[in-house]
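Here's the structure we're looking at; comments come further down.
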Amino acid sequence: MDWNILSWLIWLPVVGMVAIALIPREKPEIIKIIAAVATGLQLWVVIMLWIQFDRGAVGFQFQEKLAWIPSFNIHYFLGVDGLSLPMALLTALLSFLGIFVSWKIDKAVKGYFALFLLLDTGMMGVFLSLDFFLFYVFWEVMLLPMYFLIGIWGGPQREYAAIKFFLYTLAGSVLMLVAMLALYFSCGRTFDMTQMIVLAPEALKGVTWWGLDTLKVIWIFLFITFAIKVPIFPFHTWLPLAHVEAPTAVSVILAGVLLKMGTYGLLRISYPMLPDGAVWFAGALAILALINIIWGALCALAQTDLKKLVAYSSINHMGYVLLGMAAVVAAGAQHGTNMTAAQAGMNGAVLQMFNHGTITAMLFILVGVVYDRAHHRDIDGFGGLGVKMPIYSGVVALAFFAGLGLPGLSGFIGEAMCFIGAFPVYKLIVIIATLGILLNASYFLWAYQRIFLGGLNEKYADIPEINGRELFTLVPLAVLVVLLGVYPAPVLNVMKVTMNYIIEIVQTSSLLAPH
Amino acid sequence: MAATLIFWAIVLLTVVSAAWVVLSQNLIYSAVSLLFTFIGIAGLYVFMMADFIAATQVVIYVGGILVLIIFGIMLTHRITHVRISHKSVQRGIGALGAILILMGLVKMIITSPWRVIHSPDPVGTTAGIGKLLMIDYLLPFEVASVLLLAALIGAARLARKGD
Amino acid sequence: MDVRILYGSLFLILPLLAFVIQIFVGNRLPRKGDWVSIGAVLLTLCIAIAMFAVMLVYDDPHFKVDKSIEWFNLGSWTVEIGMLIDNITIVMLLVVAVVSGLVHIYSVGYMAGDPRYSRYFGYLSLFTFSMNGIVLSNNLFSIYMFWELVGLSSYLLIGFWFEKDSAADAGKKAFLVNRIGDIGMFIGILLFFTGTGSFLFTDLFEGVANGALSGSLLTIAGICIFLGAVGKSAQFPLHVWLPDAMEGPTPVSALIHAATMVAAGVYLIVRLFPIFTVDALTVIAYVGGFTALFSAIIAVTQNDIKRVLAYSTVSQLGYMVLAVGTGAYVAGLFHLVTHAAFKAGLFFCSGSVIHAMHHAYHKLNDHESDPQDLRNMGGFKDKMKITYTTMLIATLAISGVPFMSGFLSKDAILAGTLAFAQHHPEHSLLPVFGFGAAILTAFYMFRLIFMTFHGKPARREILDHIHESPSVMTTPLVILATLSIFIFYTLPFANPFSDHGWYMHLVEPVNSVVAGNPTAHEIEEGIHHAHLPAMIISLIVAGLGIFLAFLVYLRKRISAEKMAQRMGIMYKFSFNKFFMDEIYQKYLVNPSIIFSKAVGFLDWDLYDKYIINGFAWVTKRLSRIIGIKYDYDILDQKIVDGVGRSTHFFGAGLRLIQTGKLQNYLLWVLGGIIIIFIIQVM
Amino acid sequence: MHDLNTYLIIGAVLFTLGLFGVITRRNAIAVLMGVELILNAANINFIAFARFGGMNLSGHIFAMFVIIMAAVEAAVALAIIINLYNNLGTVNIDEADTLKK
């Protein structure tokens, strides 16, 4: 590509950050406008990319490769495929909306928006890197602004939450570093992911460390790293706290984008590089998915803090993604080469990642809206708001119904595809997991009833209706939720070739040979 | 012979005053002996035919940096204190480490097969340095000037009291 | 594009458009936009009538249009959705359009002045859209989607007056209970999809015929699909939501909870009839039969006019399910059609009565008395002549009295059941359920009529304020009552006992594709033979029921209280709906809430607090012990620098042991350099 | 006397002394002086290599840049130290341990 579109995507926010650094702090309006322009341009670039992306081609497009640290064979290597493109779109969209969500921030505005843009760069970099080392660097770059955004602009327990988030994720990063180096040396000193995908399966065949299969050790290390991000039970406890304490826009980014990095990492790194590991672990993954679904839903049902409820619902929803990912083994000869199921599961997983990003972003923005007005989030402390805020309650209803997987809204289709994919292989697990649908509906409807229905709580007799700026942040998401619920093909068409490629890689695993 | 004697005298001055800088209990004494170290080093430059650098050394270090340091001492200590003393920490282990490093460095210097090229003694380096600065090293020179300016502003801003 | 498909899609587009308009700009339109929704539904009604007329003219029992388009394609997996239009579809579309149209018109009067008037019509349009979607779907996937969407509109409409806690509760309950059934249905869809690799009905039938799915797996899949119908059609044990759903506005009860949506379950199993195994059908028959009798028993003792009707709806739906289970699915669908007319009529009448009561109590400044309680009513027959007449006609129809539509369809069902029992004597319980429910139906329906329109009200003065409802409300009543007369269903014959009307002719039973099931012809033969005995028995039981009600509630020859006392425990069970709600609350809902609280506690207050933070605590403790025991300057530093990163990992508190002294760090850097030197030298 | 090794050893000695100062001094200004010694040690090496290693005038230029850097560093460091003094009332760097808390 002539104009290095991917580099623009990554570095535009940094340009914005530098511009912000030059603006005196007395002019918050200009700072906000610069941030909005930077992310807006990024969104525009990603949409251009979306249009120009060749949907039929296998492999990475718009590649950029520059030597970075030649002595270690490290490159500045970018590329985009059907898996990373939806994630990049999600990142750009949520970052752009996040700026408007945080319009009312009044504490250290300059620092906030500068960090927010840095975070944006980190996330975009993770999704577009094709060099493992670069991936790792962006992965870490993202942590720092997140730490400060939670730790400075968060709620009452912000410092505890920030440090917990930081340590949890750092722990994962350490394991990823080890796994990365192990792969680097096994693949003959390369960090190039496209190379590693080809070399790693052969290189790790039969290698053992202290009597353990190296492959399994690396897989577990990577898995824990990504599991913390997803988060998968039992590595999930940072999430409710961080979400609850973070400012609204940061919660949106956390739930909307950061969680996807866990599953993205699994699909980008673990699956293609360690197909044997993927197959070996698929059963456990399905069980963990089940636990995530049920556990998350039950915890959500128990919450009285609205934001915590939404946070646990994320755990629940990411469970569906994992379930879809576990379905990849259906493509193996052992399971009758059921490509239909494997494709349904894998595509469903990525679709669900995307859709969950939009839905959960809506949910967090909506929680922020009511919090700004009532200054608390206690579900039982509201009541009957539906009379006073008809538009707001309508949008919440849309988001809640999307969250509980109502057909016609985007939450349903991904979930259903994950179930369809996993069913032929993991019948019992899927049947138990469908209970999650019921629990989903219970906690959302129950919460909805307690907040909006029933008699009006007199305390909120003159609570103001949602305003134009807030609506502006919600409308694009709502449109996506409805459109993709009715017609998911635009996103599926982008990702399907890539997902089929990953399925084919995993399919070749010797563990899937017929008995 | 005289030159040799002068050389060793300068070396002695430099090393001893440098030692005094790091060992003295009195901060003012340290500063003053630092002056002698700088002058000694300027002398060593002269011995190496680096007249311009020697002059720069004297002007900037002695005239600039040292004055700054003494200002710093004055500003951060009540001047009425007769002895501006200061303690040291972890001297034992510090000395041990320093000596080990020195041993390592000396061994390295002695055992390394340096490629020595005896260039003819230059007659005045100023003109050459000037040309180099204006032609080959123009960009670094300009960057350095911007850096100086930035540091100046930054230092002034930092040292301002009360905000 | 096939013009019929175009017409079919209008059934979806028009109401959807109306819904969108109502939600976004409804409030700003003149008359709050009710004409948008009404116009949309009346247009669909016109198309439905046209299609119906064309169907009658062409007179082709095998008429069928089935078109699919690709929804998305993943390479090996292509999902197609599309439309299926055949005679069943057309009949259903007409039913939906007629009832929905009348409900729209009726609502103009009933909902006048409501603050969320335009939203109400928006929701009605949404419902019409999704219901038409179910009817038009040619595949399980989109049927499931519309299935949930009708659930949504039902939720929204039940909880329409959400300021009332009971309404909000009822809406939630309806949605959740339906979801239980939907989960079953979803698993069923998964099973069918895994077996046949497609969602399309045609592929499904073909797959089952080719044995892609067979034996007990097919039975289980069928029962799972049926679970969806159990939820939606309020069959035992998921019937509990329907009576509560009466919290919604009465026209909604008529449309959704009597005539159309609840019948969707029946429609589903009718559509999928060919793939149910004998075992699955038996389960269906028993569930339906039991529900019919069970809820009829409950209906006898209820005092809320709408609740009586709700339980009667459950009971009638049980009939339809029973019919499908016994193989007489054509009869079941027939009953669905006739029931839609007379039950919607009954609800409209009750709405008219409640409207009048409301008005009267309002005039009397009485806000305590329940305007829906039968015991407060009585003697309205002279005040509300139209309502009385139409309600009487509908009641006669539901009781299965000759010359009424209900007689025809009920008779067909009972004949089917009887025939089934003759074939399989081990299932003789089924006709007992059927006839038992029939006698009770006649009894409680006439009890309702007598208590409402005869006798005396609890407060005599309210009679002065009872008025007939406005014509916008009574017109639909008259139309529906007219549609309850036999002639509309027996044409081209005018014989009220005929079982050969256009309907029986145009909707032909289809052979089951499951190997070993009886053929449609066999079933039809059986029904034909059982026709006469069934008719005679049903006449007797209907007469008996009406006579009993006459004795107890009009002539007061038998005291209702005494009878209740004599029945003792049976009465108590019936009056309390067999304590189903309490049982669910106590053994299902409460434990799940408690369980979720326990899990939440476990997750947050135990797991996170003690295990995760425990790591931090242990690390902190460990470091402190070592720090005290050993030389602070040396070992502590080592822990900070060497283990620092890994200790970081676990604990927020760990930063306390960082000295923060730069020179310490520098010293260690120095140490590192020395070590490198030494290594280099050696 | 006039050979490379002599100058390098002198440089090494000054470096070591500077290092020792940086490690052991508590007073920030004294630490700064140690840093100056280290920089000067480096400069001696530059000039020595310029004279004996064939670097010629480039070595001088480098030395000049180092001096510039030293000036900048001293200015900024002293500004920081004064700020520290204003805020904490001390210039002892082991008491400035806010990083720890």
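So that you can tell them apart, the chains are marked A, B, C and D in the order they are listed, and the count of residues begins at 1 in each.
As a convention for this text, contacts are C-beta pairs under 8 Å (C-beta built on N, C-alpha and C of every residue); 3 or more make two chains touch, one makes a residue touch a chain.
Computed from a predicted model, the values in this text were never measured in an experiment.
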Steps needed, at fewest, to go from chain A to chain B via touching chains: 2
What are the chains that chain A and chain D both touch? C
Max Cα-centre separation from chain B goes to chain C
Identifier of the chain whose CA centre is least distant from the whole-structure CA centre: A
Gap in Å, rounded to a whole number, between the CA centres of chain D and chain C: 83
Round to the nearest whole Å and give the separation of the Cα centres of chain B and chain C. 89
Centre to centre, by mean C-alpha position, how many angstrom separate chain A and chain C? 36
Between chain B and chain D, what's the gap in Å when you average each chain's C-alpha atoms? 7
Residues of chain D that touch at least two other chains are 19, 23-24, 94
What are the residues of chain A that contact at least two other chains? none
The positions of chain C in contact with two or more other chains are 663, 667, 670
Chain pairs satisfying touch are A-C, B-C, B-D, C-D
Interface residues, chain D side, partner chain B - complex: 1-5, 7-10, 12-21, 23-27, 29-30, 32-34, 36-37, 40, 43-44, 47-48, 50-54, 56-58, 60-61, 63-65, 67-68, 70-72, 74-76, 78-83, 85-86, 91-92, 94
Sort out for me which residues of chain C touch chain D in the complex. 655-656, 658-663, 666-667, 670
For the complex, give me every residue of chain A touching chain C. 160, 163-164, 167, 170-171, 174, 234, 237, 240-241, 295, 298-299, 301-303, 339-341, 343-344, 347, 384, 386-387, 390, 394, 401, 406-408, 412, 416, 419-420, 423-424, 430-431, 434-435, 437-439, 441-442, 445-446, 449, 452-456, 487-489, 492-493, 496-497, 499-500
Considering the complex alone, what residue numbers of chain C touch chain B? 633, 663-664, 667, 670-671, 673-674, 677-678, 681
Per the touch rule, the chain B residues reaching chain C in their complex are 89-90, 93-94, 97-98, 100-101, 104, 107
